[in-house]
Structures are given as C-alpha cells and as structure tokens.
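A quick write-up on the structure given underneath.
For reference, chains read A, B, C and D in written order, and residue numbers begin at 1 within each chain.
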Amino acid sequence: MSCSLLGASYSRLMTAVAKQNLGTLLVSCPDRRGIVAALAQVLYGHGANILDSDQHTDADARLFFQRIRFDTSELLTDRTSLEHAITEVAERFTMNWQLAYGTRTKRVAVFVSRYDHCLYDLLLRHQAGELDCEIPLVASNHPDLGRVAAQFGIRFEVFPISKDDKAEQEEKELGLLEAEGIDLVVLARYMQILSARFISRYPTRIINIHHSFLPAFVGGRPYHQAYARGVKLVGATAHFATATLDEGPIIEQDVVRCSHRDSVADLERKGRDLEKVVLARAVRWYLDDRILAYGNKTVVFD
Amino acid sequence: MSCSLLGASYSRLMTAVAKQNLGTLLVSCPDRRGIVAALAQVLYGHGANILDSDQHTDADARLFFQRIRFDTSELLTDRTSLEHAITEVAERFTMNWQLAYGTRTKRVAVFVSRYDHCLYDLLLRHQAGELDCEIPLVASNHPDLGRVAAQFGIRFEVFPISKDDKAEQEEKELGLLEAEGIDLVVLARYMQILSARFISRYPTRIINIHHSFLPAFVGGRPYHQAYARGVKLVGATAHFATATLDEGPIIEQDVVRCSHRDSVADLERKGRDLEKVVLARAVRWYLDDRILAYGNKTVVFD
Amino acid sequence: MSCSLLGASYSRLMTAVAKQNLGTLLVSCPDRRGIVAALAQVLYGHGANILDSDQHTDADARLFFQRIRFDTSELLTDRTSLEHAITEVAERFTMNWQLAYGTRTKRVAVFVSRYDHCLYDLLLRHQAGELDCEIPLVASNHPDLGRVAAQFGIRFEVFPISKDDKAEQEEKELGLLEAEGIDLVVLARYMQILSARFISRYPTRIINIHHSFLPAFVGGRPYHQAYARGVKLVGATAHFATATLDEGPIIEQDVVRCSHRDSVADLERKGRDLEKVVLARAVRWYLDDRILAYGNKTVVFD
Amino acid sequence: MSCSLLGASYSRLMTAVAKQNLGTLLVSCPDRRGIVAALAQVLYGHGANILDSDQHTDADARLFFQRIRFDTSELLTDRTSLEHAITEVAERFTMNWQLAYGTRTKRVAVFVSRYDHCLYDLLLRHQAGELDCEIPLVASNHPDLGRVAAQFGIRFEVFPISKDDKAEQEEKELGLLEAEGIDLVVLARYMQILSARFISRYPTRIINIHHSFLPAFVGGRPYHQAYARGVKLVGATAHFATATLDEGPIIEQDVVRCSHRDSVADLERKGRDLEKVVLARAVRWYLDDRILAYGNKTVVFD
C-alpha cells in the first residue's frame, strides 16, 4: 500500500499519479465495526494502492461515510474484478457506494436564464483548468446567453418553458441530458423551478445556487428580503436541488458584510461575487468526488 | 468650526478633546432640504465646534439620519440655550433627536441566566477600558453567576421568575433599573422572554444576543436547529429587543465556518466566541451613540 | 442645502440625482479650524446642494481630508465661478483638491501580461455596469491576451519590452495613454516594473494588484514564498504604484484561508479569486472618487 | 477494526469512547510505500480499534505524516507490547512518533507579562471545559497578573528577569517546569525573549502568540508598524517558538479588517480579540495532538 500522495490536493496528485490511474470510492452505510478493514482488505488484495482516505461518522444518524482515493496502475486483477469484490463487501455492510475513475471525465450541463455572471465564472474557470470536467451544453429558458456560450464554443439550447408546456419541455431537456451523457446539472441562476419528476432523474446530481444564506430568505427575491429585514451580512448557498424548493442538502455557504448604506442594487452586486465563488467551490468538490449527501445534509471531505 | 478631529475614533478623540466637552447629537426625521444647514447653523451659532458628522438617507423610507459630534469647550451660551435652539429646529423638521454629553457616563445593567461567557467578556472588556460606561448591576433569574459579579465587585440581584409571578418580578426589575439610573439593558444570554410591557419601558435600549444568523433559526436552541439543517456557517446576531421575539432591529451579525465534523457541542463552542464579539461590538457602538433604530432596521454610523 | 441623498451609495444616487449633475470634491490639507465651514459656505453660496460629506483627520500627520458630493442642478452661477471660489479657499488653507463631475466619465487603461483572470474580471464587471468608466485600451508586453480584448471590442496594443528598449517603449505607452485621455492605469497582473519616470507621470493614478498580503512577501513569486513559509492565510493587496516596488499606498487587502494540504498551485487558484475582488474594489472606489493617498497611506471613504 | 467514531470531533468522541481508552499516534517519516499498511497491521494485531485516521504527504519535502486515534478498550496485549511493536515499525521506516493516551491529561504552564487578555481567555476556556488539560502554573516576569491566577486558584511565580540574571532565572523556570511535569508552555503575550537554550529544552512544545500576520511586522510593536504602513487588515499568528524570533512554524493565523479611521489603540483593541481566538485554537489543537511541525511548517490535522 503506497502512502506517497496521502491527503494531497488534486493539483499535486496529478503531478505524481497519472490521472487515468486514479480511482475514487465514495461509501456510506450504517455504522458498524470492520468497515474500514474490509474495504482496505479488498483494495489491498487487488493491488489498488490507497493514496488518501477520509472518514466521517454521524453519531446521531448512526451512519458511516468514507472517501478513498487509490492508484490502479499496479492492479493485480482488473476493474471488473475489483468492482465485484467491492459489491460483495457493500452487500455485507448495506453500503451505498460509487466508484469514479480518472479515465472518465465528468460531463456538466449548465442551466441559465438571464444572469450571466455565474455562467461566465464557470466557463472561465473551466478554461483556466480549475474544473476537471467537460461542459458540452448550456441550456436556458431564454435565448439571451447564447452569445456567451458561443464565445466558448459550447452548444446552447433554448427551452422556452411556459405554464402549459413545462412537462413537455422538461422531457426534451431530459432527453438532451441523456444524449449528452451528462453527469451533473448546474443551475447557475436558472430562474425556473424544476419539477419533482425532473429532479428525481438526477438525484444529488443537480447543484443550485441560492442567493441567500439558507434557511434565511427562502423563495423569491432574497436580496429584497434581506434589505427589508436589515441584515448586516448577505449570503449565498450552493445546495443539491430536491423536490422541496431551497431545502436540499447544503454543500457550501458564504457571506459578505453589508450595511445600512447598501441599496438592494448594492446587495445584488456584492452577492454576485459570493454566488460565483460559492457555486464554483461546490462544483469543484463534486467533480472531485468529495460530496456525500444524506437526508438534508452533506459530508464534504477536505 | 473646528475640523481637527473629524472622523477620528473615540480613542483618538479622547486624547485631544476632553471627554467632558464632547457632545453627540443623533437625529432622524423625514427627508427634506435644509436639514444639514439648519443644524450646522444652530451649532455654529452657539459656538459648538463640529468634530465629526455622518449622515444617511433611506431613500425608500424617505428618512434622514445624522450623527454629529461637537466640542462644547468654547460654547458661547450654555447647554440649556443650545438645547432650546435644537428643539426649535427639531420641531420645524419633525425630528427625533437625542443629545449625549461626555460628562454623563452611561449606566448599563447586564441580565444573565446560567451561561457566563458573555458576562465575563463584557466585564473584562469594561475592566480593560474598552467599554465607556458604568456597570452597576447584574441581574439574573438564577443565583449561579453571582460569583462572577462578585469577582468584579458588582451588585448582583436574583429575580427567580416563574409563570405565576412574572409580572410581579418584572415590576421589581423595572424598579431596580430606575433606581440605578440604567440607560441600557444588555441581555447576555438571558433565557427569559421579557414582556412587551417591560420592553416598552426601554425602547431601543435593550440589546439582546441571539445565537444564530437571524432570521435563520428563530426561537429556541438555534445551534440544534443549525445542526439539523446542516448549514456550513453558524452565526450570532445582536439586536434591539422588541415585543416580537427575535424580530427587533439588527445591530450586528457575524458568522464562523463549520462542517459536517462539528457536533452541536462544537457549534456551541464556536458560537460562544461569536456571541461575545458580536454583543460587545453592539454594546460599544451603543455607548458611542452610533446606532439609530427605525422600523426593524438600524443605521450604525462608522 | 439638500440632504435627500446623504450617504447614499452610487446606485441609489443615480436613481435620484442625474449623473450629469453630480460633483465630487476631494480635499486634503493641514488640519486647521474652519475648513468645513469655509467649504460648505462656498458650495452653499453657489447653489451647490451637498448630498454627502465625509471627513477624516490623521491626528499624527496633522492632516485633514474631506469628500463632498453635491448636486449642481440648481447652481446659481456656473462651474467656472464655483471652481474659482474653491481655488480661493484652497489657497487660504493650503489645500490639495480635485473636483470630478458626473458629466465626465473616467477613462481606464488596463495593462496585462499573460494572466487573464483579472482582465476578464474587470471587463465583465464593466460590461455588467459595476464600473462607471470607459475602458478604451488594453496594453500588454505580450500578444496573448489580444483575444480577450477583442471579445469585448477593446483596442489592444503590444509593447514587447526588453532590457534595451524599455525607456523607448514606455515613451510610446505614455504617448498612447495621453492620446486616449487615460485617467487611471490598472496593472492587472502586469509583469513588468514601470520606471520611476513613467510612474511620476501618473501619480496615484496607477493601481497595481500584488498577490500577497503586503508587506509580507514583497517581490517575485509571493505564492511560492507563502508556501515556503507555511502561512495559514494567503492574501492580495491593491495599491498605488510608486517608484519603490510594492511599497505604494495600500488601497485594499483581503485574505483567504489555506492549509498544509494546499500546493503552490492551490494557493495560486485561491489567490486568483482574491486578486480579482481586491483589484475590482480598488478600481471601483477610485472611479467613485473615494480614495485619497498621502505618504504611503490611503484614506478610503465609505 | 471499529469505525464507529471515525472523524468524530473530540466532544462527540468523548460521549462514546471513554477518554481513558483513547490513544493518539502521531507519526512523521520519509515518504515510502507500505507505511499505512504497516501501522494498521500493528494496531489491528494488538486489538487497537482505529477510530479516526488522517494523513498528509509533503511531496516537495518527500515527507509523510499521519495521525491515528484508536480505542484501547479491547487491547489483546498491553500498552508496553503495543509500543514495542510500534517502535519496531518506526525503526524500519525511520519514523518520528509520539503516542498520547487519554489517561494522561497534558499539563500546561502559561507565561505572561502585563497584558491579561490572553491569560483570562485561556483560563476561562479551561474553566468552561474547552481545553482538555491541567493548568498548574502561571509564570511571569512581573507580579501584576498574580491577582488573575489567584482568582482561578492557580500557582503564580514571578521571575523578574534582568539582563544580568537571565540565564539564572531561566534555569529556575526550567526547574519549575520540570517539577510541575509541564508538557506545553504557552507564551500568552510574554514580553521576554526566551534563550535558545530554554527553547531547545521544549522543542515544538512552546506556543507563542505574535500580534501580527507573520511574516509581516516581525519584532516589536507590530500594531505600530501596521499603523505606519497603512494596512487594511491586522492579524495575529500562533507559532512554535524557535531560536530565531518570530520564525517558528506557524500553527494558526487570522486577521480582522481595519481602516484609516483606526488609531493604534483601535488596532490594539481589535487585535486583542484576534490574539485570544488564534492562541486558543492553537492550544486546543496541540492538546488534541493535531499538530506536527517540520522545518518551519506545520501540519494541522482537522
């Protein structure tokens, strides 16, 4: 078992372990003795070298969570055998698990409406190499941001949703997501509410940015609500979308100071900066397989 | 008109203008032309030298707010004449105003229950010269913190409030506050809800510390609520107490980062540090006559 | 004298006072009695309505600073007369002063090398209406970022400076700045050191972003320095460029948390976000006439 | 191997694993394959159940670091055997290691001069149960803070160091530290420089709080230096004391915003709050065996 890159950040990992040899296992299960040993045994037995491992136990929920990164370059068997063996352990411990390989780059669709700041931010970070993914698709209910997608050479599709054709339009969107092999949908200030049916097709695979410190200021126009309440900080929250609006598992939050001098327009300006960084962090962590959601909570491994 | 100390912080002001010569005028009124000129004229005419002036207009509420600090050492008339003149202007502009002199040190009562961290913090800051006030009284519904008050040589009174005698006990408290000439009541993790009647006797003169980022987690056990919701930041809010619980004008807020690793006990520990600094800032600003409340908002002059 | 917009932020001001009627006076002088009165008198006498006023005194340096915003829509005379009158007062008090009118939009040149994040950030903020200026010019010592300038339809000029032709190239740059009527030069990760001669032509009109919390990690490769020192926070500093590298008056600074897990590449990634917001704040404040520099310090009015 | 408390915070751990059964192993060594496996094997073989494990590799320094917490309640052998086995592994991998048991509570001496805020803060946190240690001793070069130690019933010793008797006084101090079985010396604004000889006796066991964001403002009067430089943030740094002043491995840092309005006294006031929390965090992490120092850096496990 190699320890040569334990705890290393992605950027450093990449210099040492070829990306295509990297495996990341995410596990959650009822808390019991022997889980760590069993998983370590399986990986060791197949020649997978553990690079990094982090765990968490929610003592109240009696749940155990683990993230293990390993190097597959000296695998004694093959991935299929390894996965069979993991499945066996998983059944014994009633585990949920997912395994991501560096050989497969995740594919992200960005949903937008008219605000362009989060879209620009994601595309520029992607261009700068900060986000390890492909972004083959920008979808919108308005044509406005087509020009931005075009600047980056990305396919742009408009789904002009009205009350009457929402189900139909969503069906088309889902079809497109499937056709494009999308792993993650990012709602980058997308001003439409997705149906429960849509969301159920991408469980904990849709990240939304809400422009308040949730659970304060749920619903519409949170900066106006914040202004009316006279708060001294405004916030932003990235969370997984669930059927219940603004109540999905929170991934990341941050705040910025404001004062009586700030108009709603000032709060919006300050908030835009927050929305960008909070959403980008959440997306980056997702791409890095750092997030495990359970109930309305998340574990985000460092 | 002297400008020699404009915008200076209290500590620096004190080195130059003797505290007893300092006057601070706080004004709020419907927004109209000529307010600034009229006040400047009155002060100038009486020989009061403006040291520092700050204004704010709430364009939505159409309200004007101003704070003026001035030096009375070369007053041409006397304080009574000056106040008469201000009254005259105030009537013309339908102003609310209050005038504080450096000759009168504000008197603060601290209400506590069983948590001692905010009490210790306030008393140590007072001892260190950070809070320009007298603290003649600590009141509680429990005897526990008498030992802390005793360490600092401060009168400690217990009012063991039960459902049946609340009105009666509050009457005694009000009597004591009056007898002690209390200007400001600080609820330093006081676990009793004050009656509307009590609060109406000290309008915008009771500061409470709530252990969440309001309006998130109103009511009891906010750290438990925060833990249950899975937020990534916990906060604290200092606000004026009003008849509606946790809805008074917010004076100051701050947050600290937390993660899935933090238990409720961890949130409480992190929160204690926040509660202390947020409450202390609010109290200091109050003592410095920096806060103007209107509706459920505050103006806090720098 | 109108108070209807005192202390209002730019965005709110704009809704009420037409931008072309706005005047902003910035003043600094030795601290003396009567300055505020004298200036107020002049403005009042000419029918300029004070909207907002803020002052500061550096008691150690014995210097006085003031920023006054006023509405010229009901000017009794004209701008020339007003300026003559201000000049008279200024001579009496040995004042430095500058007066900006809303009728004239400031013109900004951005200097870059190969990093594009600050350039994109400024251009997107400008496009979003956050920066009240024109950006007619991007200059660089490399051709790389021409594509970015082109996306935004902005003139891009390359000055490929070598050791031998630096003076000559700078002369050309200065010529271009003059031809374009540039008010402010923003060094957005420009990797060339400007000569003292160049800087002297734009005193306190060149803003640089340094990628550390100055005065820590002066000079080259500050993220590498920070990594080597093992700090737990990395920072960014926006400052006016002066002849002495990294020692100009600091306008704004901010930091972000890091840990032993962060590689130099991680620090660079985290730092980019800081550099963008810190530089953008400094530029916005400059455009808003909020900054006064003296010695190696700044006053930044709220 | 039990996973039932993996990653749990101290407070939560304590509810489930009796403190006296807790073992914490800290390891550092040249980075090589097989370290994790070897240690896991030894612990597993002796019946020590791993509760929590975290690792880090400094790829540049080619060093590996690990912290393992385990439950000894079902140990198959005894602690002596376990330690022998660890020693064997350690020799094989040229490891530095230290093993702490919950049965032994660490003993802390606090060194102070005249500032009382950090001392009060540590003693109040200790009293509140935030710091899992004993504090049998407060030492000072001045008699002033004896009253504070007395309030908390703690032994107070004065060593009035002068130029001539420094070596002699330090010898007495070292004798006292040894007599009291001190594990950690906390310099809580202790205004004497310890000799290299003194420090060499407590390597990475002396934590100092410096009142600036190091490496900015090394040496004396950092708030005055910060004021003179006109920075927009002031900071505090907790670090291990080494023979070279202010250059020891940094454990924790934080900053607070300031402005041109802040006098040196204001910076000192704001800084005191920082010093307290930064020092307290560093001490808590030390007591929790979270810190590993190497060169002039630290690894601080979450």
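We adopt the following convention: contacts are C-beta pairs under 8 Å (C-beta built on N, C-alpha and C of every residue); 3 or more make two chains touch, one makes a residue touch a chain.
On a predicted model such as this, the values are computed, not experimentally measured, just so you know.
When each chain is reduced to the average of its Cα atoms, D sits farthest from chain C.
Superposing the C-alpha atoms of chain A onto chain B requires a rotation of 180 degrees, rounded to the nearest 5.
For the pair chain C and chain D, the fraction of shared interface numbers is greater than half, so the two copies use mostly the same residues to meet. When the contact pairs of B-D are set against those of A-B, C-D or A-C, over half line up by residue number only for A-C. Between chain C and chain D the centroid-to-centroid distance comes to 43 Å (mean Cα coordinates, whole Å). Averaged C-alpha coordinates put the centre of chain A at 36 Å from the centre of chain D. Shown for chain A are the residues in touch with two or more other chains, namely 7-8, 12, 56, 59, 259, 261, 263, 302. Contacts from chain D toward chain A in the complex involve residues 1-8, 12, 15-16, 31-37, 40, 44, 49-50, 52-57, 59, 64, 66, 302. Residue ranges of chain A in contact with chain B, taken from their complex: 56, 58-59, 213-217, 229-233, 235, 249-255, 259-261, 263, 295-300. Residues 7-9, 11-12, 116-117, 120, 124, 128, 130, 151, 261-263, 265-266, 269, 272-273, 277, 302 of chain C are the ones that touch chain A when the two sit in their complex.
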